[in-house]
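What follows is chain A paired twice: with chain B in the first complex and chain C in the second.
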Partner chain A sequence: MASEDEISLLVIVLDVNPIWWGQQAQREDEFTLSKCMDAVMVMANAHLVMSRTNKLAIIASHCQESHFLYPSKHWKAGDSCGDDSSSAGGDGKYEVLSVANKLISEEIRSLMARTEVKGHQTDTLMAGSLAKALCYIHRISKEIEGKVVIKAAEDCALQYMNFMNVIFAAQKQNVLIDACVLDSDSGLLQQMGLLLELCGIYLVSDLSCR
Partner chain B sequence: MSPGTAMAALSEEVLLVVKRVRQRKQDGTLYLMAERIAWGPEGKDRFTVSHLYADIRCQKISPDGKAKIQLQLVLHTGESTTFHFANESSSLKDRDATKELLQQLLPKFKKKANKELEEKNRMLQEDPVLFQLYKDLVVSQVISAEEFWANRLNMSSVDHAVSNNRQEVGISAAFLADIRPQTDGCNGLRYNLTADIIESIFRTYPAVKQKYNENVPENLTEKEFWTRFFQSHYFHRDRISTGTQDIFSECAKQDEKGLKCMVVQGVKNPMVDLLSLEDKTLDEGYGSSTAQSTSSSKQSLKENSNSAIIKRFNHHSSMVLAAGLRKVKLQEAIEYDDLQKDCRPRMVALNLKKSDRYSHGPIPLQSQHYSTTQDIINSINFIQHEMASYKPCLTQVMSSSAASSAIAALSPGGILMLTGVQQTINQLVPNDVQGELKHLYSAAGELLRHFWSCFPVNTPFLEEKVVKMKSNLERFQVTKLRPFQEKIQRQYLSSNLTGHLEEMLQAAYNKFHAWQTRRMMKKT
Partner chain C sequence: MDEEPERAKRWEGGYERTWEVLKEDESGSLKATVEDILFQSKRKRMIESHGQVRLGMMRHLFVVIDTSRTMEDQDLKPNRLTATLKLMEYFVEEYFDQNPISQIGIITTKNKRAEKLTDLAGNPKKHTTALKKEVDTACVGEPSLYNSINLAMQTLKHMPGHTSREILIIFSSLTTCDPANIYELVKTLKALKIRVSVIGLSAEVRVCTVLTRETGGTYNVILDESHFRELLLHHVKPPPANSSSECSLIRMGFPQHIIASVSDQDAQPSFSMAHLDSTGDLNLSLGGYYCPQCRAKYTELPVECKVCGLTLVSAPHLARSFHHLFPLEAFQEIALAEHTGEGFCQACQGELKDKSVFTCSACKSVFCVECDLFIHDTLHCCPSCIHSQGPS
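For the complex of A and B:
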């Protein structure tokens, strides 16, 4: 349990490349974006429950944009959470969690809905998302926070320089980055882990075992 | 010299023989020779006690009035030997004669041995690591003290020059005032001069030292010299040189000469040169013509005495400054580092071939997935469809078995936590064991250094030494390393703390065997 003064911020960057996830879902039914979202939400809930002062941010890394799923721009504190009593207080859950889950699911739905088909933009804007995450951290700017990067698709060569810049910026800010790569090996994240000793854990989860 | 030397084989000069001297309740005879003192029991042919004067730290005598008349010799090592002078008629005379002879002889030999021993003691006191090494190696008799000091004192003789430059204790400016004379009772003064005071006087007034060397002991005794010194006007404040009978009047003249010299040389350190701080102007509006200081010969008496005091003061100050000048680093005082141009260390320019490779990173060898446009459209549609009806269903995320196995893997001792064990070896091993290990390492390192420095073995001395060092290493292993290993085994410390030490020793043994076999082959 963290001490009272420490505010621990967890930023999750989730790769939601619709093309990759769509192909993935077609390939095997077991592991879909929904399931991944659920898992991410469980982790987010766990983090929020650990301490009252813990903070959370989730960024969806899309091929067209990097979007904050949480905290949402549309959400104002004390605003709509009291209205819909069924969703919030229905099961006696810790309110923060229910609010967060609701928001996240709304946001991801709207994000996916507004995806447009553009042939040449198929790569996840990972570097941009990381940069946004760092800026957010810098804005909140308390002690050392943890950050999780979940990457799904393959590395994109074009973003290499940007990615490296972001990594070095993170190192300067003393931000920890953990990476979880699904399915394929990410040379980029490995390099990041080895060179900069930032990575907490580097896991390659084999989707078939799910 | 070993104590068992036969008396007959002596070729040393015997300075004094004292009969009827008892040692440890045995009657015998005491012999004082050129370099040592020895005692042999009555009727026997050998010395049982023999000490070099160099080994004797001091002698002590029993107080006057005690029935037993004794003389004790205390050695540097702390041992002491007591002689009881038992000749009924002449015991006191004997003892005193012995004492006086020793008093003359001991100082001659004292300096040499003492200094070395002092040096060794100092080194041991100053360096706790060295002291520990000494304890580990010499006290437990792994190597002999001579071997231990063989290398060390060599190193220190180089440092000796450096250490001699260590700061000498300064003399207080008022020390002469502290030599307060005591009244003698009959209109005389009694000065109490110690060796320290004499040294201080010599250091402050080198001219006096010179006079001392010239006149004592040929012309004057010490006592007479100092009497004259304190009587001289040189010492007193007036310093106006009257009659030339005073041997010290020359000193005054010498001092003046010296002072003039220094003034001519000018002050080297511009920091302290007060003259240079003046504004130098030439005439009105331009600069100044250097004003000549006129030395008028018509100085009044009062001025004369004032100038004498000021001269003495200046002389003293100039000597103080001369001593300090060496230490002042002028450069440091004048230059400001940050105002200067940046002298960055010369760096090697980065020479990149194919620099464009750095802009896009390593490209994986496997072929990229090429998706057709139709694929893309399909995928996007699929996912949009899926996510449109997305509702979080958090209870299905993980089965409890998966969760518990993940927790187990991440607990201490779990599969994913094994790297942690090695990191905490520092905390697993208790501090005293760590300390012992460190001592073992430094002791082993010392021995190994001696051993390896013998190679290449090209002199018979080195041959002997390498054999000796090998046996030293073996002895070290048996007496120090094995017990330590057994101890930590008993304490269930599973980690192999001494593996590396053993490797090092084994490497030394291998080298020794290789050398030995080569040597045998050469001989056959």
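For the complex of A and C:
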């Protein structure tokens, strides 16, 4: 087990491309974005609970932007969302978890509501989200290691250069990247994993057994 | 040969009133000035790019390390030799990080002779092990500039014309013992288009000045260890290519990575060709990279095939060199007071507390100082530009 003083930072990059998720919902009613979000939140909660000093960040990667779902920049450290104390004391849950869950669900709701998808841009900007994740890790953890988990849907080959730049930067920073690809192979992530020995785990999940 | 006017030395110039740089504020504290100086030194590394200049990406660099008597001097801790070797290890790592398709060789000189420590190779591990072992050698005698450059030249003159040939000398002694006229050697170097740069550890020596000036390299003398490190890092970036180097089509192989598992019928364990002449650990491996021309097996890339001579690289390695050609533009600096948008850095979501913020001219997004340094040194792409340009 890790010692008490080690801080472990987990950054999750989640692909919320509405086109892909929409098609997914048509193919298979069972597995929707909300189910995926639930699963992600379970993992996030598990990470936070493992040790008091663990930190978390979640980035949603959309067609035109990537948005930090957690922590929110408008939420300063001293502000404990205490204006509705019902959420904190409500069900005896670990406070950090309840705050995090609430914040994440609100943010993603507002993100999906406000972004309009323009016609030609249908591919997710994975490289950009990874770049932001790395900047965040660079700011937060000068000495401690960070880890990035990607849940990706499909590749965009046109982003190769930027993606490679980001991967090399991650390698220099000693950041591990685990990739979980839903429903299809990702050549880009595979190449990254094999050649650069950076990928911890590379999984292709079969959706029916989720 | 020496008609160029020499640069005026610092002691020949006027009085420099260095105490006037420090200014006190109202309460008598120097904090603001010190912060300013630190800030400027952080930003100093944003050297302006040369623009549309051809760069030598495939570099063959020989590093000559002086291991003569003067390296036992303790002005660098614990002594010059140990400090130099440690910095060399760091240099080798950074060099292969930024120039993955290049090669380095190391030469040491002492006792009026020169010896090759490692041959030109593209694998950083070999060089770092050799450097680690070299710490124990005794430093005796005098260095020989002529012999070490000659030794390097023997190998470099056979290199193909499109590569950039360089020699970097780390010179600590003030004397050199040469068997022949070094100015003749300088003429040969110019003819072969080899660029020689020197980093001096003691003082400026005239023969080094002439050597570097004639061949087009740089000559610097270190002030202290951190300056030494900075000077070494200057040599990591690819230099502008010689105008007369031929540009030809270069053959390269892009081998596929074959992974075989024990349960495969045809898979047989085999040796990698790279281990043929090494006496260290010989490992049998199932999968690897197979040269497209001769099917020889290698475990690591980039490498030059021993059987057919083809350079084998992988696409990410070439992509790594790409950012030198299209460097990211420096961001514009705006004082915090004038900035009117959100108070958060768009890359790391931190609050903007420093006295100036940086804007990308293309997408107008705002970054803090730390992110600016990180983006320019490591990331080489603006996180917001990647978003706004979309797939392109």
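We adopt the following convention: the second predicted complex is superposed on the first by the 198 of 210 C-alpha atoms of A that agree within 3 Å, B and C clash if a C-alpha of one lies under 4 Å from a C-alpha of the other, contacts with A are read in each partner's own complex, and residues count from 1 in each chain.
Assume a contact is a pair of C-beta atoms (placed from the backbone, for glycine too) under 8 Å apart; a residue touches a chain by one contact, two chains touch by 3 or more.
None of these values were measured; they are calculated from a predicted model.
> Scan A:Glu65 for contacts with chain B and chain C and give back first, second, both or neither.
A:Glu65 sits against chain C, while chain B stays out of touch.
> So, A:Ser8: does it touch chain B (first), chain C (second), both, or neither?
neither
> Pick one for A:Asn165: touches chain B only (first), chain C only (second), both, or neither.
After superposition on chain A, A:Asn165 lies in contact with chain C alone.
> So, A:Lys132: does it touch chain B (first), chain C (second), both, or neither?
A:Lys132 sits against chain C, while chain B stays out of touch.
> I'd like to know which partner A:Gln26 touches here: chain B for first, chain C for second, both or neither.
first
> Figure out whether A:Ser51 sits in contact with chain B (first) or chain C (second), or with both, or with neither.
Neither partner.
> Figure out whether A:Arg109 sits in contact with chain B (first) or chain C (second), or with both, or with neither.
A:Arg109 sits against chain B, while chain C stays out of touch.
> Where on chain A do the contacts with chain B and the contacts with chain C coincide?
158, 160-161, 164, 191
> Which stretch or stretches of chain C touch chain A in the complex?
These residues of chain C touch chain A: 97, 257, 259, 301, 314-316, 319-320, 322-323, 344-350, 370-371, 374-375, 378-381, 383-384, 386-388, 390-392.
> Within their complex, state which residues of chain B touch chain A.
Counting only chain B, the residues touching chain A are 358-364, 368-369, 371, 373, 375-384, 386-388, 390-394, 396-398, 416.
> Could you pull out which chain A residues touch chain B in their complex?
Within the complex, chain A contacts chain B at residues 18-23, 25-26, 32-35, 37-39, 41-42, 45, 101, 104-105, 108-109, 112-113, 115, 117, 119, 122, 154-155, 157-158, 160-161, 163-164, 187-188, 191, 201.
> Would you pull the chain A residues touching chain C in the complex into a rising list?
64-66, 68, 71, 73, 121, 123, 125, 127-128, 131-132, 134-136, 138-140, 156, 158-162, 164-169, 172-173, 191-192, 194-196
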